[in-house]
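To keep things clear, I will list the structure first and then write my remarks on it.
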Amino acid sequence: MAHNDPEAGYTDLGFARVDTDRLSRTGDPEVVYGAGKSTEQVVAILRHLHQAHPERAILATRVAQPDQVVAALDGLPVRADLEARAVVLGTMPTTTGLVGIVAAGTSDGPVAAEAELSVLVHGGGTTRITDVGVAGLHRVLASREQLDACDCIIVVAGMEGALPSVVGGLTGTPVIAVPTSIGYGASFGGLAALLGMLNSCAPGVVVVNIDNGYGAGVHAARIARRGGAG
Amino acid sequence: MAHNDPEAGYTDLGFARVDTDRLSRTGDPEVVYGAGKSTEQVVAILRHLHQAHPERAILATRVAQPDQVVAALDGLPVRADLEARAVVLGTMPTTTGLVGIVAAGTSDGPVAAEAELSVLVHGGGTTRITDVGVAGLHRVLASREQLDACDCIIVVAGMEGALPSVVGGLTGTPVIAVPTSIGYGASFGGLAALLGMLNSCAPGVVVVNIDNGYGAGVHAARIARRGGAG
Amino acid sequence: MAHNDPEAGYTDLGFARVDTDRLSRTGDPEVVYGAGKSTEQVVAILRHLHQAHPERAILATRVAQPDQVVAALDGLPVRADLEARAVVLGTMPTTTGLVGIVAAGTSDGPVAAEAELSVLVHGGGTTRITDVGVAGLHRVLASREQLDACDCIIVVAGMEGALPSVVGGLTGTPVIAVPTSIGYGASFGGLAALLGMLNSCAPGVVVVNIDNGYGAGVHAARIARRGGAG
Amino acid sequence: MAHNDPEAGYTDLGFARVDTDRLSRTGDPEVVYGAGKSTEQVVAILRHLHQAHPERAILATRVAQPDQVVAALDGLPVRADLEARAVVLGTMPTTTGLVGIVAAGTSDGPVAAEAELSVLVHGGGTTRITDVGVAGLHRVLASREQLDACDCIIVVAGMEGALPSVVGGLTGTPVIAVPTSIGYGASFGGLAALLGMLNSCAPGVVVVNIDNGYGAGVHAARIARRGGAG
Amino acid sequence: MAHNDPEAGYTDLGFARVDTDRLSRTGDPEVVYGAGKSTEQVVAILRHLHQAHPERAILATRVAQPDQVVAALDGLPVRADLEARAVVLGTMPTTTGLVGIVAAGTSDGPVAAEAELSVLVHGGGTTRITDVGVAGLHRVLASREQLDACDCIIVVAGMEGALPSVVGGLTGTPVIAVPTSIGYGASFGGLAALLGMLNSCAPGVVVVNIDNGYGAGVHAARIARRGGAG
Amino acid sequence: MAHNDPEAGYTDLGFARVDTDRLSRTGDPEVVYGAGKSTEQVVAILRHLHQAHPERAILATRVAQPDQVVAALDGLPVRADLEARAVVLGTMPTTTGLVGIVAAGTSDGPVAAEAELSVLVHGGGTTRITDVGVAGLHRVLASREQLDACDCIIVVAGMEGALPSVVGGLTGTPVIAVPTSIGYGASFGGLAALLGMLNSCAPGVVVVNIDNGYGAGVHAARIARRGGAG
Amino acid sequence: MAHNDPEAGYTDLGFARVDTDRLSRTGDPEVVYGAGKSTEQVVAILRHLHQAHPERAILATRVAQPDQVVAALDGLPVRADLEARAVVLGTMPTTTGLVGIVAAGTSDGPVAAEAELSVLVHGGGTTRITDVGVAGLHRVLASREQLDACDCIIVVAGMEGALPSVVGGLTGTPVIAVPTSIGYGASFGGLAALLGMLNSCAPGVVVVNIDNGYGAGVHAARIARRGGAG
Amino acid sequence: MAHNDPEAGYTDLGFARVDTDRLSRTGDPEVVYGAGKSTEQVVAILRHLHQAHPERAILATRVAQPDQVVAALDGLPVRADLEARAVVLGTMPTTTGLVGIVAAGTSDGPVAAEAELSVLVHGGGTTRITDVGVAGLHRVLASREQLDACDCIIVVAGMEGALPSVVGGLTGTPVIAVPTSIGYGASFGGLAALLGMLNSCAPGVVVVNIDNGYGAGVHAARIARRGGAG
């Protein structure tokens, strides 16, 4: 059932059609979404993408067992980010521009880590500001210069998800809000934060899926790469 | 089917059993919930409560046609608050303590008005701070002394409902959050604000139903009446 | 990445910015939300807050392993409340006023315990009334005098969450309703109780998040501290 | 497309297949659900059912224009119940047993009226207790003897829908709870009351759809007819 | 904190106020809801209720470890129903009337078992009809005489929950529908079945909470005890 | 901004890019979705599609003012179906195969009409069976031969949406279920019927959006055209 | 309680009424839904259906332990499909027609496998196209000829569920969309994909329950068997 | 209650605190959210912002009566955009960079218009691509060069909201998805499109609230202004 047509723009590994054409279409190679895939499948796709794009860092997110993936790729330039539950194969790019990664609380750390790694793999620079939730506003107010210096800001927050509105009111830097599943009861797994961010009264706040640090990172890196050239 | 037993603690008007005992149980007379009641029914209940408690102001909320209710009670000490869609029959009490009524936006006005009137009818004093949403934090920060001077603060906000978290982080005064139905799309009629407020990361923020200025006002007045004596 | 600016009003522990200014802003020190934090993180923040505010009791809630936290703080005035899954470091304050903690059922115990401990840590006094659900009204009716004697009442209930409406109709003492996740099927993890309490027909009932005994406790203690002085 | 086979157990009017067999299967003739039907359609079905079962009262519920239906059936034993938005064609039956119709508030009147009429059409007797919401418990406590004397109790309530739990705790008479769409905000059109009633802690409370006085009435009448014989 | 006032109508065990007055109010003793209670608590409440009402069977439902409860009550007339996850202490009553327990599928067995046991403990007789889902209508059609012979029918079904509508169209016997959590995907834990049953087009179908065999059983037994006397 | 490239496979009318290539890709021309379009826009697109495919009937659904559309196309072979709120321009095709259109209630008529017209426009034959809801099973059982004779059956139902399960259990003909928004309260605008149909226990029942007679019609016609050739 | 009446069209195994009449009504024997059934129950029903229909393949889906079921049926023509979590007893039929099984991602494999096996057991032929999600459109565009050659296409997708709309726009072959629970956060267990597919703008896309490969397979096979004869 | 402190960074109009400091903080002046405001209020705020920032264009969105606002501002450089329901006061800026406004259907026009106007007011250039829904992929494929030439792309779609995923797979230009309330039934007012977009499998797609063309426009303009300098 598997075949491999170089003209096709993809490679059929049987269980997956690897999109080798994505780099030329979008400027970035395919990223491996690890959830629901076996270690063997993640390894095989990573290896194939690395061969197709040896000059680029290949990212795998939501990897159940990052250490096993790294072990299976022994001998290749691979490393795991355990906080982000991610693996990178290939050399990290030099970075352009600057993305602020702002997290409301300590528990939002893994999502912020996934966002930061995604920015870096996609060629943006990063700076991280942790635990500046709105119950103690002076913490984020103390970071205003840092925020203004960024090309783009990723704001990660759970519970009521109010921090993106506050940041979006303090600066004109584009804000990407990432709701997290941190919370309990009527947070409904991050729904409260998601709805709050979608209804932000601050201008220009955009939102990604709950816990989707990766998506925020890609969008931010693309902004940083453009804006960072200035 | 209607009867009237003075021992019973209520008067049966046929379409309603007026709770004349509530004042002795709770310190406040019954309030008329006007929604779904005809002008005649509202008038009849108001008149009966006024007769039972001539020394107290009787409140009717969510009145479809306040002017008609006032007209029907001509000759009695009655007035309408059109912004709050409410009617008061009887003399307003002297007030004790101070409740801050803080509204995030101009459109939250009617709910803030209902809250303020409810505080006043239940014997609390009020001060109102309007349009201090989190997209321009300096507006609420400029009111910090005012907030600290209150016995209790009612914070009214729609959209993402972030303002109570910000206020709750700035002061130790008890905060009552009132989500409003202001917003569109994923605000789902105030659900986003409600969930945000329930998940507030600021300590001790309590919440009432969407657009329920009345409920917030009663709770706040009872705090103000106690605390205001200090 | 960590630094410590005494002027800043917070201490940056790297994984957390501890809000050392909160006591001066709000009258109460920061409380540690233990969910999603490691024992080491909880211990480090508790220790830092204790150093900053040695005269105050510091509370950590939703602690996964309270015993380990206590063990790690050996030598300091620390104790665990296993029912509430909480830890307190520092000396408990003397109390002012009285908060009633009313629980509808036996299974609501842990949430009631968190509420009670939170009141005590924040300086309010408490009295507890257990298992007085509305299916046997005589149980709560037997407690009416106790309810009237309180400065504030926290009512904890799962399933249909009807108890706050009943209590709110019996007394003018301010009522804070805490829905719990006790129930099954269409209780949807406490949503039924939450919605019921938000729609209470009793005047002035306010609500906190599902299972949020802590939030109710802070609000209640602040009322008790004010009212209790009278 | 229309035909009429006496053996078939139904009559095909083209736009409707009237279930003339239902009486023999279930002991009661078909009831016309008026919503979404034109006056002409309601009249035609009523007329046909009356011809098929001249000795029984035929009920049409949720009729948009009851007066027009009555006018069109001029000369037949027909009457409208405007509060219930219903029409009855044929002679009302003598009643057996007793169903209590208990309503929490004045605004629940139309649903209570539909329930009461449905009981009567299906041969049960009724007694009505109005405006006994849980915020003033003495009102329903005053009716305990009345409740015990019933074969079945229909409890109609909106908002938090707590009344069925209270009634179900006071008496062993079977309770049918009818949530109504009375309320606002987080009542979500009666959802809060519905969920509350489904999660009732009182034993044996059963529930029908929001505003479904008719369904409660049929169930209650069938209980009353059986029990009333005792 | 525990006390015991015989006049009070309840016994305070500290962790529970046992409602010893319920039998005189409702005709049935309190039932122990085992969820969230320890084996020790279930045993203590059962033992107390048995002492208070030695002539009645005392039921505990949703018991995590029925065998341990039985072991702890060794020497008393106690037995476990493992399918229903329930325990009964005391002698089963003689039965009156007949309740049909109809289940749509094999997987609905535990809920049907809880319903059947609840009917029996509350003095109703039972007959059980299993696996007659609507995809093979001839199975339930074959049981029509059985259905007509009942005083009341409990219909247990998951997935789309269509069976109560079919049964309710076949007979005039009162139908109580019990949605179960059997299903997957868009069944949303029984929500689809619950909504289906609430919207039943068959007259007089009433509904209880998802998986609430107990509640259906109590309601049914009360009908059977009345009707069965005829 | 508008242009027209015959190679492009579409015509840009400025406000719309008419998909003139769809016929060659899928065998059927584009259908005009009238909701949210002005009469002028509907007319312009219909006219353009008619010119592009003069031999085919062009359908417009959910047309706000069918009569005005017909008037504007005076002189062309156009007709309105008012029950279905639809317009057809061009000659109706000869039909192949047979699709049964089964509706549970009279109020489901408009959706059934849209389904039937869609089948006919797409070349399938139809037969309609009306008002055979599950509360009177003999009505649909009387139609079993008709059902077996179809190539495909569209079952239209609101409320609990049980009819597709019953039909799907009676015959092996493929069933397409169409939930309708007929109902009230917990029908939530057709959600109950939708969920019921998605959870059908009958094998092979497929579902379309609430009130989407059109989608069911296209799917059914394509089956009928294939199967009808046999 | 168990009996066996050959005339009845079913066999009562006590815990199940096996529908032996289904083959004659619908052309296909009953399929065993394994969820919530013990291995012994699955084996017993499979064995009974195999005896009743020795010439047909009998399918059991959602089997917790397929290997144990196979072991228990040792000696009979039985096999497990571990990816699909299914068991087949009896000889597979020869196939008619062709069903395309198109999956958006690697993680959708188990649902696609259940769909494919269900088609084969019901007599349709299959071809499988894997990992052609819309983020790399060239992959599905490369399969257009394959899609056109099918009698029916099953499209399996999680996350946003966009693939059925794309496929439905490329071909006139009937499309059955299967949403999967693949995703996180606001996918809400497949709800996002389900809603997306129900709202598809492509004509004639029909939908089944989340993860319901079986239902899609039966519908598709019935189309293929008819169309495949052409 | 109104005052005006130039140091404060806002002007208190009584009903509103106009945020005159926003321009210096964020680079853009405040935008007037017209919903829930009277014509007089909109006019007053517009006039005040125009006076504070005479060199900038001031935008008011969701204006109920744009023509009346324009009439009231007669003599000033004001114009209405009726499709977008918006008003602009002041001179439009010269633009930098290019934002693609891609709409799936004709009915998405008003939201696309609001997005386009917002981009222009905030200094970005625009190009609009209309009616390129996924049911006819060749339409959007024909626009690939246009998409690649943009600095940012706003994709507006209702129903299943699949277009952003398709566009996001075709190009590396940052994509902002705007779900619209276009659709019916299970679109639930745009919820289906919103969830679909949040779960997009294309990398880096970000989302705003349903129908929020304004928010998308601000975010896009800020990207274009940065990127456009390159």
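For this structure, a couple of remarks:
Each chain carries a letter (A, B, C, D, E, F, G and H) given by its place in the written order, and its residues are counted from 1.
Just so it is clear, contacts are C-beta pairs under 8 Å (C-beta built on N, C-alpha and C of every residue); 3 or more make two chains touch, one makes a residue touch a chain.
No experiment lies behind these values; they were computed from the predicted model shown.
Taken together, subunit A and subunit D share the touching chains B, C. With centres computed as the average of Cα coordinates, no chain lies farther from subunit B than G. More contacting C-beta pairs link the chains of A-H than the other of the two pairs C-E and A-H.
Because subunit D and subunit F carry the same sequence, their contact can be compared by residue number, and under half of the numbers here are used by both. With each centre defined as the average position of its C-alpha atoms, the distance from subunit D to subunit G rounds to 43 Å. Work out the mean CA point of subunit A and of subunit G, and you get 36 Å between them. In whole angstrom, the spacing between the mean C-alpha positions of subunit B and subunit G is 57.
Looking at subunit B, one finds that residues 22, 33, 105, 135-136, 169-170, 185-187, 191, 194, 198-201, 203, 209 touch two or more other chains. Under the touch rule stated earlier, the contacting chain pairs are A-B, A-C, A-G, A-H, B-C, B-D, B-H, C-D, C-E, D-E, D-F, E-F, E-G, F-G, F-H, G-H.
Within the complex formed with subunit D, the subunit F residues making contact are 105-107, 109, 128, 130-132, 135-136, 138-139, 142, 182, 184-187. Those residues of subunit H whose C-beta lies close enough to touch subunit G in the complex are 104-105, 133-137, 141, 159-162, 165-166, 168-170, 183, 185-188, 191-193, 195-203.
Partner subunit H is touched in their complex by these residues of subunit F: 1, 8-10, 12, 14-17, 19, 21-22, 30, 33, 35-37, 41, 62, 179, 181, 189-191, 194, 209-212. Subunit C meets subunit B in the complex at residues 22, 25-28, 31, 33, 151, 169-174, 176, 194, 198-201, 203-209, 214-216, 218-219, 222-223, 226-227, 229-230.
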